[in-house]
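Two complexes, one shared chain (chain A), two partners (chain B, chain C).
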Partner chain A sequence: MYWLERHQLDNLVKKLTESYELFGPRRDKVSNEVIFDRLANPLELDLEAPIPYNPPKYILFPHYEEILRYRYDRQSKQVAIEKLSHLKPKALVGLRSCDLTGILCLDRFFLGQEFVDEVYLEHRKKLFLISNTCVRPFPQCFCVCTDSGPSAKEGFDLDLTRVGDRYLVEVGSKKGQNLVEELGLKEAGEEAAELKKKVVDESVSSFDAFALENKAWISRATNRLTTGFIKPEVWEYIGNQCFECGACSFVCPTCSCFNVEDVNRLDGTTDRIRTWDSCSFEGYTKMAGDHNPRKPVEDRRNKRFFCKLSYSQSKKYLRPGCVGCGRCARVCPGDIGLPNVVTYIRREITGD
Partner chain B sequence: MPYERAVCNFCGTGCGHLLQVEEGRVRGVYPLPGHPLSQGRLCVRGWHIHELLQTEERITSAFIRENGELRLVLLEQAISYTAERFRKLGGEEVAFLASPRASNEDNYLFGKFARAVVKSNNLSLSSDAGQEESAKVLLAGGGWPAATGSLSKLKQADFILVAGGDLTKQNPIIASEIHRARRAGALVVTVSPRKTQMARLSQVHLRPVPGTFSLVFEGLTRILYEEKKFQADYLEKCTENFEAFFKKLEQVDLGEVVARTGLSLEILTEVARKFYESKLTYAFYPTGVQSLDRKTMSALFNLMLFAGKLGQGAGGIIPVTGISNLLGSYDLGLSPVFLPGYLDASEEKNVKKLEELWQTPLSRKPGQSVSACLAENKSLRALVVVDHDEEIIRNVNRIKELELVVYFGAYHNNFASLAQVIIPRPSYAEAEGTYTNAERRVQLNRKKVDPPSEVRPLWKNLTELARALGHDWKYHTAEEIFSEIAKVVPQYSGLTYAQLDSHLGLKWPCDEKHPQGTDYLMLDEAGNKFRFVLDENVRPQPQALAEQKADFPFKLTVGRSNYFWHQNSLMKRTFIPKREYNALLLLYPKGFVEISEEDARRLQLREKQLVRIISESAEMILAVRISPDVLPGQLYVPYFIEDMIPEFLLRQVAELEKNEEFFLPVRLEKAG
Partner chain C sequence: MEGNLVPIVTVPEIATVVEIRDEIDEVKTFYFHFDRLEIEQAFKIRSGQFIMCTVFGAGEFAVSLPFSPENDRKHISVRRVGKVTAALHQLQPGDKIGVRGPFGNGFPFEEIKGRNIIYVAGGIGLIPLRSSIVHVLQHRPEFGRVILVYGARSSKDLMYKESIREWKATENFETYFTIDRPEPDWTGEVGFVNQLVAKLLLPADNTVAFVCGPPVMFNSVIKELKLKGIKEDKIYSTLERHMKCGIGKCQHCAIGRTLVCVDGPVYTYKQIKTLGEQI
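Up next is the complex of A and B:
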């Protein structure tokens, strides 16, 4: 591990901006909220800011993206297909460990199965990832219940942990190693690992005092969801509160469902567009011939929590599909963010 | 920084969002967490507004119709052509239909153009008469035409009454606020015949027979009166006409209320008591297609006033606007009855004041709404329309007779095919402007992306048009127009762009007395006195007559379906909301009618069977959908099929009578 002094942070950022577009948490001046955004001005980067309201998912898996363009020539009956990607390399600085874990889940979905999603791959391979340990949890957090924080274990190029007024830097890749060497960071010595462990342990033990919004009994809920022993009334109670807005999927660092549309452009070409989609929509599961296996809203909600927490689904991600960021609870117009649903399930188990 | 702060332009909630702007296009949207009302939530429409903002299916240049064909022209040509045609028209020969989706700046100049340049008072908004009635009732009762309570304090409420419609569909984030308040301890009582999601999220659901809402509120008031649950000294001190109201109350017969509404005296009594005992009390009703009628709004106002729930704290009445700037449009006087600032258009002193401000003589001839003009005004020769409007299609034959139809719009639709001149409009992300939401919050949207080259803000085109007609209008920016609005509209007098830029909206009245805006109505704002709204002259509801006819045993009500919006002219240009709409459309290509299980069994109807719905004056064929949400004897039709409106619903205009808590007496026959 290495030491990054505060004044060296500017060098780090400057170095990154030479080869990457810079993304990181910034505060909106009027609303004072934290957004994980492209930073036109590196000075906007705020590594002390709380967990951003949006996950970095949109950088790898955009809300709306043209994935290819084609033109059909009527005379020759030929289709010309054009690839549409002109992606710039991007550096994501100050990722919280939940969000980095989210990226790893997306990797499993888009890259780790039978087919490799080339569009995603192209975004992914051009990223430089710098995670940032949460030395103190935020009110909405429950990553300790989902094994995704408060400190990143894998997947980063560099990982920062604030100790006093400087950062401990852990290297996670060759790219990261090169950058550390270019910056000439000082080696941190043998006591560094112990030091980092102490910071992380302190953070974990402060969850009871600071992470007050959500409590999630993830393992018990996983058990219940996997075995299916949850009364229909519980799902109905949850379904009644679903406004069918799709927000829980859109803000989830791991939700990867998408829709594909072909849009005819005025110049005669057609763009194939990929957009975010959500299992909360009725049209999402509708099949030809009017059949819909998940028509009632409670069935659709049920599906989402099965996807996030059941054992069979977790096998695909090699971890639970929930990373404990608490965003779904904040954006929900009802009261059925994942932590609350887990609470409803717990209430059913404990009977209180 | 590609994520930029803005205000959603769909419904009257006015949620804060972040638009992801990349290379001059809006590529995504995200909720703005710090927004005082939406607090980081959006509904299904709001989450997909970037799909609409990127559509290429829009009007990007001006057109003039020649020999029946639309010809592409330069914007300047369209303006000078229109000015030329206007010169040959007299003031009241022109009617102006404004858009509740346009910004305050656009709307203000549109109204000024009608009144000051063309000298026509035939100026109105579209079908949302509910908002105008609501403003009239609230003005008559408290001198304050919009939300009297504060949504910011809703979480502290202990009683919330929701009357009519389904806010979870129309204004989902306001419904979400109500749901939050319930979780914090409020009792939520929904009054609606159908079991809506709002009803499911309420502890008490009153299901009166359609058309008897006003009786429910009169009944509740009468119960309070009988149980002496009112503060006589408060009424004496704070209301002007309580004696007259008492007389009226004495005529309310609770036996009749029970018989006609179908609600038990026990449940009404229980609700009335809880209502009276509550400390912070709110009443919500939607204004729009599913609004209440005037009589019902008055009865609700009187109930709130009688129980001492108005002017004493943050609680009050919240009329919920269905379209982004519906309230702002009325604030700026886009109505034949109101001048900007809700000044009575029939009072000479108000017209004189406006003449001084505008430095031009104005017509004294009383104006009419556009639909009244089209129906009654034989001398009408021209029509100017902003955006699309569903109600206007009803008068398609009359519109075809007009000499000149000018359409300022962003999208091709049925109306564009009737226009002689089409002038394109930018999206809200392509121009600056302010929008006023249901809680009176005026919010500034800054321009995010450039419009196509031939697309300019409405105000700019109107300025050119006014100049071509010899009026020396000198507006160069939306901000200049807004500072004029601040001079003309007393409620906006303390607002500036600079101030709006540094706030997430401010609630009017914002003036010398309230430099930071006003959260809710206090007693002194009502001139220290409230009035009960007695409405002696309101016509009896026509359905009372129709009710007795045995040929039409069912009561048909209509509503919004989740993804339907204003003939879907916006939703069909998105992907996900369009797919959801298509999911319903594919299942029910001709639309559906919901019927109770009991009635379906009795009539031997099965799911998706086609039936003919017959009213006294029209009929339509729909598929059956058996639903636990409607009561026996009632039918419910969500009007998501475009043809349904002109072909069936709008032909019932005599029955609808502008009050929209209505039902149609119909019968139902198997079709084919």
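Up next is the complex of A and C:
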């Protein structure tokens, strides 16, 4: 491990901007919300800021993206199809471990199954990832329940842990090693690992004091969701609280359902676009001719939590689909963020 | 998947519609071939698979393949039902379409050699079964009894009339046809498919059944087949769902723990029962 002094952080960021577009947490001046955003000015990077309102998944998996453009001339019967790719290498600095875990889930889902998603791969192969240990949890966090924090274990190029007024840097890849050497960071010696462990342990033990909003003991819920032994009344109760707004899907670091549409442009070409979608929407499963196999809203809610917690879906992510960031609980206008749903399911088991 | 090219995943391959036939009301068959010779030669399917078909300027839809993996003209048969299929129905011979695929698991073929096979189809449910029927008939000596029970609302609603004429004349292929109401020149059966299945003397041992049709027909036929003694894991069907990607990513076609596009579209009735959603 290496030491990164405060003043060296600017060097690191400056170095990255030479070859990457820079993304990181910054405070929006108007709303005062922390957002994970493109940093036009590297000084906006705020590594101390609480967990950002939005996960960084949109950088790898944009809300709206043109994937193909074609032109078909019916007169001459000529078709020209062009695969669109306009991606610059991007550096994501200050990822919280939940969000990094979310990216790893997306990786395994998009790249590790029977088919490789070529569109995602294009985004993914040009990233530089720097994670940031949460030395103290935030009110909404429950990553200790989902094994995704407070410190990243894998998947980063560099991992930062604040110790006093400097950062311990753990290297996770060749790319990361190169950067550390270019910056001439000082080696941290043998006691570094012990030091980091101490910071992380302290963070874990402070969850009871600071992370008060959510708790989710998910193992029993996982068992129930996988075997399907959850009473229909529980889903009805959950479904009754769903506004079908889709917000939970859009702030979830691992939700990756998308829609594909062909959009005609004024110049006679057509864009094939892919956009975020949510299984909470009624039209999500509706087929041509209006047959909809998944009608009631509780059916659709059932699907989302099955995706987050069931064993069959976990096999695709190699871990639970929930990373414990607590965003769904924050944005849900009903009361069915994931931690609450886990509680409802457990309540049925324990009878509390 | 047996010795075929890697499916076309992202960018559709361009194909030319060479012939269009009116099958029944609102259903047309589009014969096509790929513009690139190497794709035309390498494009191999399994019965029961599907493709994602692009109608340029309108969009893309999932459609099952009715042609045999061997020696059969490439075609799709499509009912006009939504925006994209309506645009497809506007096409003329010579127009281009885009094709991605083939996707999905497909019907068993090698595994069912030596067995009796019962096909039960209702209406346009014959479309996906046609591929398997033609393929099995091409290898007729390798199978036991082969039986088709096909029903439609009226004689006008029977798909693939040309194939049916051929099949009626095919030796060792038992075919039964039924329509809902009597018609003057109709010589086949009258009544619903499930009633016809109930009447027939069908084999049960060493037998597999393929069933495809509208949900009501499907459920009633399954009931009859089970009464005849055919096991739930020997009854196959193919499901359709709203699909966007075909490669297991968009998740629109999720049923229970499976995705129809990669784990299906062919399921046994035993599996379908556990999926927890209506057909």
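The definition used in the following text is that the second predicted complex is superposed on the first by the 346 of 352 C-alpha atoms of A that agree within 3 Å, B and C clash if a C-alpha of one lies under 4 Å from a C-alpha of the other, contacts with A are read in each partner's own complex, and residues count from 1 in each chain.
Methods note: contacts are C-beta pairs under 8 Å (C-beta built on N, C-alpha and C of every residue); 3 or more make two chains touch, one makes a residue touch a chain.
Source: prediction; values computed, not measured.
A.B. asks: Quick one: on chain A, after the overlay, do chain B and chain C clash, or do they fit? Just give me the call.
C.D. replies: The answer is fit.
A.B. asks: Would you sort A:Y64 into first (chain B), second (chain C), both or neither based on which partner it touches?
C.D. replies: In the superposition, A:Y64 touches chain B alone.
A.B. asks: Considering only the touch criterion stated at the top, classify A:E44 as touching first (chain B), second (chain C), both, or neither.
C.D. replies: In the superposed model, A:E44 contacts chain B only, not chain C.
A.B. asks: Which partner does A:W3 contact after superposing on A: first (chain B), second (chain C), both, neither?
C.D. replies: Neither chain B nor chain C is touched by A:W3.
A.B. asks: Taking the superposition as given, does A:N259 touch the first partner, chain B, the second, chain C, both, or neither?
C.D. replies: So A:N259 meets both chain B and chain C here.
A.B. asks: Under the superposition described above, what is the C-alpha centre angle at chain A formed with chain B and chain C, rounded in steps of 10 degrees?
C.D. replies: In the superposed model, the angle at chain A is 80 degrees.
A.B. asks: I'd like to know which partner A:F210 touches here: chain B for first, chain C for second, both or neither.
C.D. replies: So A:F210 meets neither chain B nor chain C here.
A.B. asks: Between chain B and chain C, whom does A:Y20 touch in the aligned arrangement: first, second, both, or neither?
C.D. replies: neither
A.B. asks: Considering only the touch criterion stated at the top, classify A:I35 as touching first (chain B), second (chain C), both, or neither.
C.D. replies: After superposition on chain A, A:I35 lies in contact with chain B alone.
A.B. asks: According to the stated criteria, A:I273 is in contact with first (chain B), second (chain C), both, or neither; which is it?
C.D. replies: The first partner, chain B, only.
A.B. asks: Pick one for A:K303: touches chain B only (first), chain C only (second), both, or neither.
C.D. replies: It touches chain C, and chain B stays clear.
A.B. asks: Could you grab the smallest C-alpha gap between chain B and chain C in the overlay, to the nearest Å?
C.D. replies: 8
A.B. asks: Taking the contacts chain A makes with chain B in one complex and with chain C in the other, which residues are shared?
C.D. replies: Common to the two interfaces on chain A: residues 259, 261, 277, 286.
A.B. asks: What residues of chain A sit close enough to touch chain C in their complex?
C.D. replies: Touch residues, chain A against chain C: 67-68, 70, 72, 74, 77, 79, 81, 83, 109-110, 113-120, 228, 256-262, 264, 270, 272, 274, 277, 279, 284-289, 293-294, 299, 303, 306-307, 310, 312-313.
A.B. asks: Where on chain A does chain B make contact in their complex?
C.D. replies: Listed in rising order, the residues of chain A that touch chain B are 26, 28, 30-33, 35, 37-40, 44, 53-54, 58, 62-64, 240-241, 243-247, 250, 259, 261, 263, 265-266, 273, 275, 277-278, 281-283, 286, 290, 330-335.
A.B. asks: Give the list of chain C residues in touch with chain A in this complex.
C.D. replies: 7, 9-12, 14, 16, 54, 56-61, 81-85, 94-96, 98, 240-242, 244-245, 247-252, 254-255, 257, 262, 276-279
A.B. asks: Which bits of chain B are touching chain A when the two form their complex?
C.D. replies: 1-3, 5, 16, 18, 20, 27-35, 40-44, 46-47, 50-51, 54, 56, 168, 172-173, 175-176, 179-180, 183, 197, 200-201, 501-504, 562, 575-576, 579-580, 582-583, 586-587
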